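When the chains are written out, they are named A, B, C, D and E in that same order, and each has its own residue count from 1.
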Amino acid sequence: MTNTRWIEVAAVGTLLTALGAALFVPPEQTQGDLARMLFVHVPSIWLAYVAFVVTLIGSVAYLRTRKRRWDHLAGASAEVGVLFTGAAIAMGMIWAKPTWSVWWTWDARLVLTAVMFFVYLGYLALRRAIIDPEVRARRAAIFGILGIVQIPLIHFSVVWWRTLHQPASIVRPDLDLQMDSPFVAAMWMAVVAFTVVYIALVVRRMDLARLEADLDEWLATEQTELAESGITAPRLEEVHDHG
Amino acid sequence: MLPGSPVIALRRIGARIGDTPILRDLDLEVGPGEVIGLHGGNGSGKTTLLRLIATLLPPVSGGGTVLGADLRTPARMTIRSRIGLVGHEPGLYPDLTLGENIEFAARVAGKSPERVAEVLDMVGLGRSRHRRALQCSHGMQRRGEFARLLLTEPDLLLLDEAHAGLDPQAADLVSGLVKAVRNRNGAAVLVSHDPSRIGDLVDRSVVLDGGSLHDDPGPPS
Amino acid sequence: MSTFWSHASAVARKDLRAELRTGEVLFVIVPFGAVALLLTPLAVGVDTPLLERIGPGMYWMVVLLFGVLVALRQSSLDGRPQRDMQALLGVDPAARFTGQAAATGLLLLVFALVLGPVAAALYDPSPSGWGWLAALIPLVVTGLALLGTLAGAITGGLGARNSLVPLLVVPLAVPLLLAATQSLEGLRRGEGILGWLLLLVAMDLGLAVIGVLSARPLQETSR
Amino acid sequence: MSTFWSHASAVARKDLRAELRTGEVLFVIVPFGAVALLLTPLAVGVDTPLLERIGPGMYWMVVLLFGVLVALRQSSLDGRPQRDMQALLGVDPAARFTGQAAATGLLLLVFALVLGPVAAALYDPSPSGWGWLAALIPLVVTGLALLGTLAGAITGGLGARNSLVPLLVVPLAVPLLLAATQSLEGLRRGEGILGWLLLLVAMDLGLAVIGVLSARPLQETSR
Amino acid sequence: MLPGSPVIALRRIGARIGDTPILRDLDLEVGPGEVIGLHGGNGSGKTTLLRLIATLLPPVSGGGTVLGADLRTPARMTIRSRIGLVGHEPGLYPDLTLGENIEFAARVAGKSPERVAEVLDMVGLGRSRHRRALQCSHGMQRRGEFARLLLTEPDLLLLDEAHAGLDPQAADLVSGLVKAVRNRNGAAVLVSHDPSRIGDLVDRSVVLDGGSLHDDPGPPS
């Protein structure tokens, strides 16, 4: 394993700085302290988008080069992406209850986020279900591409559907907040912190995947036992003794 | 079962699968300590006959007893646990490990859990205990079934092509099991397409043809 | 009677183990249920007061349909060689029924408990009477598990099982569905739901008795 | 290219034949769909104006869910020995994909056509614009069939396939669901639905291209 | 394929299933017109080796060619239709009749539909043509697979326990198929646990042990 300890240090450092900034800025005018949720909500959704694009890149690159590294990248990035999407949705829901007095509403953006979450949850479930690394890599890559190709279609259909029907509901998600400059600065710090955290998580996850792959490789070398060694001659004496 | 009374006694048995008649007017008697070979062409009904003897397929005509229980009454359910059958396909749960498969049998049959490792060792699978059945080769799965037979120690042993898929070492398991059953005064029916393979083990052979049994005419000249 | 319980527990244990090994219920079926809950409003057109009204109904429909999937999967673990093997191990058919139903019921309970909050968050039905829910969910789930296991046993070994089980279970589950949705409706209006709970108890008991009594004749006909 | 089509038609023919033999789609899955449609009003509480509103949505939800069941069944016809056999017969993987998707699509079309009148009778949504429906249903059904076949190929041979396919298909089917329900809605209000139809065409083409292109890499990995 | 060049040439092949290494440093060369016997204990990797030769399982290390196509490139897909494999489990569609199963193969392989009845007759299943595979006995299903081989006439024949489940009459089918392949200048690999059974058919035997092949030491004394 390469010495990448500095990534964790950087992640913790930027995170702490961003946290300090988030707590330091004055409360937002309409939302008050609740608005501080934004520092988690928005960066995590942005980084989730980045993560899924990286998954696409990893999938395509794997299919072209057949290099295991790209598969590890795709898998690790999707995992972190699902984590971030989940966090963003959870934050949003916690936020929605006091502001809109419901947990959820069928706003196009919300629906899209949730569908994306499930598409990549499916991607991870697929990876989990396949034992053979080669098979897993290829099938996951194909589904990764299929998933990303579908996202624009899903986006388009959901947005179109929403614009056709202006919601008859009592809640209208209105996400425009008045942001003054300290607020925007803190937001950018949060984005930087999340980016570093994303990189750290992906790097660590890839390290782990590489370790697993190395273990496989090692299993295939001379020192390890073949599958065959699990089978021995029957111990007949006992069978006969038994009778 | 009275001592000395036959283990299998079938009289004018007829059997069908769905509407297709498979066995007709079949007679068979196998005494305690007796081992017979069952031969017959493909599709002659050997597997069907074994399932009938194992009480899994009720006869449509005729009657008989197995281990003293009448095949046509619910009494036949009570002797099921004394019958051991290995068929063409392995009766293992693919997602469970070999060990878990045998543990299930041990728990149901009321055997001590320590026996599981013992019988797996006996069939040479001691070191594959934690491998899922799905990940085992054909012969390993068959060995797994033999491990179950070693555990449950049935009084009536029914083996459908006992040697198929077993390597020469494992083939000795069949002899061992058959001898053990004989010693217990039980009985065994061995189906085989290769009479020479089971010749040493059986007391006599019968041939299934046209839905009923005939004495083995011996090897064709 | 102690063999009965040891057989039942061996069967339940084996089923749960196979289930946990592949991790399907938790990682695959539950997300699918959540997706279905999310998409239904898209399909029927969104409107919050409407959703509040149909929300509980949708939740129970999803529990019912995916309960069927779980029951189906449970019963498809046993192919013919496996059923022959169990019969010859002397597994008591009634114990087998009990064990399978218990395993299915446990999985369904997890499913219902995980999906409950999801449905609540999405449809915001503001339920009241949580105490009653604690009685309601297990009763409904038990009924479904019994029904699914029974249907699995009836169709065991038939080629068309995969689609026959749902057909048998779904119509019979109507009383379960009605009791479940009407209870929630009753709770919302602050009425008592004892009557519905009693209906559920009666139905569960009836199904258990039928299942146990029919286990043996059903096994006898399983060729 | 003529081998391609002869392979595709051989595959489609075999799938349809196996299907007709057991009659599952016609005699089991269709009634199940009808039962599900019937139960929904019970679950959500009967109320005619409400039913008229949610009727088309429920119809498409049922088509979607049971489309998944059909696709699943189609892909489960091929176990490992069967897949090996097809590979060694030299069946062109892309032709195989095409044939399977065609067979699934045909079955789904039957399903949708049979259930349509049932839904209309139950919910009385008084649809208009029958001409458009003639274009809409085949497009939706084709998309579903392609998606289901693709998911079946990706999960081929996996133990968890039965529950993985639904999870993979349903979220990706959102555009199909929206296009279908919104088109009906549009027709009801007398609006044009050309936009939605174009979206469907784009999706069907995209899926067909991905399916054909990925067929070979997918088959190569089928161990 | 150049005349005289080997049908199978494997060099230092390694193969895995999932994480489990099965074959290691395996060499094998089989020339045109050659028939070899493949022996080895349960779980030694015989089935895995056959699937590798059939291009169904790509090697993880080493390399080789089969019928002239490199196993590690997509070229291997092009020679698949010239390979015939019969494994432990039958590759038939249970819900289709035997006739429909063979018709499917005929349609894909571009053979005339009349051949279907012919080959079914050749394996003795002419009268079972309209029976579903599901309703056929184990041996009948295996015969059905041989019918497919008679139809497609592969240049490379891979039989996993060719004789298992076949009655003595049907066993002659194996000899017939092997001879036909030899005459076509193809090659065959026959797996068996009973060397005496295939002794007459093979030119030489190899034993799979420890993940690689060794010359057959002959029958143990």
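Remarks
Convention: a residue touches a chain if its C-beta (ideal position, glycine included) is under 8 Å from a C-beta of that chain, and two chains touch if they have at least 3 such contacts.
Values in this document were obtained by computation on a predicted structure and should not be read as measured data.
Shared contact partners of chain C and chain E, listed by label, are A, B, D. The leading chain pair by number of C-beta pairs in contact is C-D. Of all chains, the one whose Cα centroid sits at the greatest distance from that of chain B is A. Centroid to centroid, with C-alpha atoms defining each point, chain D and chain E lie 37 Å apart.
Once the centre of each chain is set as its mean CA position, chain A and chain B turn out to be 54 Å apart.
Remark: chain A and chain D have CA centroids separated by 30 Å (rounded to whole angstrom). Looking at chain D, residues 22, 159-160, 164, 167, 170-171, 174, 178, 220, 222-223 sit in touch with two or more other chains. Multi-chain contact residues, meaning those touching two or more other chains, occur in chain A at positions 115, 118, 121-122, 125, 129, 132, 134, 158, 161, 230-231.
Contacts with at least two other chains are made by residues 17, 95, 124, 128, 140, 143, 169-170 of chain B. Contact residues of chain B toward chain C in the complex are 17, 51, 54-58, 74, 77, 80-81, 83-85, 87, 89-93, 95-96, 100, 104-105, 107-110, 132, 148, 152. Every residue of chain D that touches chain E in the complex is listed here, in rising order: 3, 6-7, 10, 13-14, 17-18, 21-22, 77, 79-82, 84-91, 216, 220, 222-223. Within the complex formed with chain E, the residues of chain A that make contact are 131-134, 215-216, 219-220, 222, 224, 226-228, 230-231.
Remark: chain D residues 22-25, 28-29, 31-32, 35-36, 39-40, 42-45, 50, 53-54, 57-58, 60-61, 65, 69, 73, 76, 159-160, 162-164, 166-167, 170-171, 174, 177-178, 181, 185 touch chain C in the complex. Note for the complex: chain A touches chain C at residues 93, 102-106, 111, 114-115, 118, 121-122, 125, 128-129, 158, 161, 165, 167-171.
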